Amino acid sequence: MAIPTLLRSQDIAALPGEHKTHFLNNNAQRLNKSLGDASGLTGLGVHLIEVQPGFDTTEYHAHYYEDECVYVLEGQALARVGNEETTLQAGDFIAYPAGGEPHSLHNNGNGVLRCLVIGQRLDHDVADYPDKHQRIFRQRGMPWSLVDIDALTYPRGKPDK
Amino acid sequence: MAIPTLLRSQDIAALPGEHKTHFLNNNAQRLNKSLGDASGLTGLGVHLIEVQPGFDTTEYHAHYYEDECVYVLEGQALARVGNEETTLQAGDFIAYPAGGEPHSLHNNGNGVLRCLVIGQRLDHDVADYPDKHQRIFRQRGMPWSLVDIDALTYPRGKPDK
Amino acid sequence: MAIPTLLRSQDIAALPGEHKTHFLNNNAQRLNKSLGDASGLTGLGVHLIEVQPGFDTTEYHAHYYEDECVYVLEGQALARVGNEETTLQAGDFIAYPAGGEPHSLHNNGNGVLRCLVIGQRLDHDVADYPDKHQRIFRQRGMPWSLVDIDALTYPRGKPDK
Amino acid sequence: MAIPTLLRSQDIAALPGEHKTHFLNNNAQRLNKSLGDASGLTGLGVHLIEVQPGFDTTEYHAHYYEDECVYVLEGQALARVGNEETTLQAGDFIAYPAGGEPHSLHNNGNGVLRCLVIGQRLDHDVADYPDKHQRIFRQRGMPWSLVDIDALTYPRGKPDK
């Protein structure tokens, strides 16, 4: 009998995946195979993503509550993290701790970029898109809610950064 | 030796409390004695509040995640809950389950209104102020953030209500 | 139309409540009216309890994760908290912060003891019954599990207390 | 300037890692490189593990609350999941959803087994070791506590399985 939570490499190759374009970045296009969803995980996001040369993995962003990380399986990527940029290769691992610097990857190579993207799945998270001056609120049971950061007011004051 | 988490009735009477006016409602003025804070609780809010005749306890609001409830100790109050209104007396208890109807109390009597107001203290909560068309996001480590509900957009769509 | 989350004082008086004897203490007998359950709360426990003279509210215990507190409405009680004992009267409030001293109340008066007992309702909690040398593990989706503290072993070592 | 949360493949190779033997299984020996700890993650466990031929990754176990999964990078492993056994190869992915079947891996090949082992890091978890008839309780701020399952009693009854 089969083990229903097992995805063999050929099963993964056969997954259709989802073609995703980020709602804030038309150049962020990826083929997203959610290994976690396909195998019954609910508390973790585990995605095998493929990005073609010249495209981004996502819009430059930072999570306030969810840890995220990437393990590069194939290809290369220009990582932008805060004010730093560097090129990643297969076998490299990069972490994005919650509350840390904003980040994104850009396929600056000639072939496909394949990565494992792993993240927490919390009931509540907030993320910023600094290049777009937008903040998103994601909370269990509510629609994802995006707002221009200037539209927020702070009835109890705003801490200095 | 004393028990540091005990507040005798005379200790409670002697607490100065905090005079609070709601940031969205000048008529919502209360003397707030946080029994929980004074006795070392962190996971629950327990407040003894006093409201003078003609004033409100709070701005009409609903929490999405935190349960709240009120036990009336003295006086009377007009409770507004969703589209209903009714007068509460000493000994009455009213619950506001998370995700339920918006609510507020108004002292419609001749004497002071004294209540115990009890609520969860979660790391993440969202509340709506329907009369003001405002939403507040409260999350651990971030400033309270208020926004006009029309300023929100929904990149993944908005569920019908 | 009625407000379904409102319990008037006469509604509370008419609640049958539950006669509870603690599984570790035959002298801990109370009439327990869960105001929270009757009004739709799930994230908070709010109980109106009545204890007859000579009986205890509960077995002497301490929670590791859930805050708890008591507001005395009527009668008197001998509070035992850690190594301290003192008598409480109507209008007194006592908090039991999570991780604090073990505690219990004993009706040492001539009339009924009536209290509001308020507590967090977390997915996970642990409590100790020091007089019985027992620990209980309560976790969402699992049965309450009681164990003699000497039956536990500590594969990574035990911190000094 | 460097990106402190980046571990290049050569950095990972140079990590000393930790030689771990499971406290319930002398044959479960692994070299454990916590990529997450080395890069600042706290909400996720991400481990690169190496197991020599003939050894196990862990003691056969099941988590009640934490999702876990494994991506095989090199070598092969006999996976035991519930009553099933099958051999995994590089590129295979297996998920262990919380509350699911117990599981373990055994290096049944001739070379090293290298895997990414990824898991949630929750404040509270419980795990069973069915072959040893033991249960472990892991809770934030308390020592890991192991108990023979027969030492537990159920004051509110035990659900049928």
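Chains: A, B, C and D, in written order; residue numbering restarts at 1 for each.
Keep this in mind: a contact is a pair of C-beta atoms (placed from the backbone, for glycine too) under 8 Å apart; a residue touches a chain by one contact, two chains touch by 3 or more.
Computed from a predicted model, the values in this text were never measured in an experiment.
*Asks:* Subunit C-subunit D contact: same residues or different, taking over half shared as same?
*Replies:* Same: most residue numbers at the subunit C-subunit D interface appear in both copies.
*Asks:* Would you kindly tell me how far, in whole Å, the mean C-alpha position of subunit C lies from that of subunit A?
*Replies:* For subunit A versus subunit C, the centre distance works out to 45 Å.
*Asks:* For subunit A versus subunit B, what separation do you get between their C-alpha means, in angstrom?
*Replies:* Averaging C-alpha atoms per chain gives centres 37 Å apart.
*Asks:* With chain centres defined as C-alpha means, what is the inter-centre distance between subunit B and subunit C in Å?
*Replies:* Those two chain centres are 24 Å apart.
*Asks:* By the touch rule stated above, which residues of subunit C touch at least two different other chains?
*Replies:* Expected reply: no residues.
*Asks:* Touch graph of the chains shown: is it line, ring, star, complete or other?
*Replies:* ring
*Asks:* Chain pairs in touch?
*Replies:* Per the contact definition above, the touching pairs are A-B, A-D, B-C, C-D.
*Asks:* Show which residues of subunit D lie in contact with subunit C when the two form their complex.
*Replies:* For subunit D paired with subunit C, touching residues are 23-24, 64-65, 99, 123-124, 126, 136-137, 139, 141-148, 151-159.
*Asks:* Under the touch definition given earlier, write down the residues of subunit D that touch subunit A in their complex.
*Replies:* 1-3, 5-9, 12, 35-36, 39-44, 46, 66-67, 69, 71, 79, 81-82, 84, 86, 88-98, 100, 116, 118-120, 122
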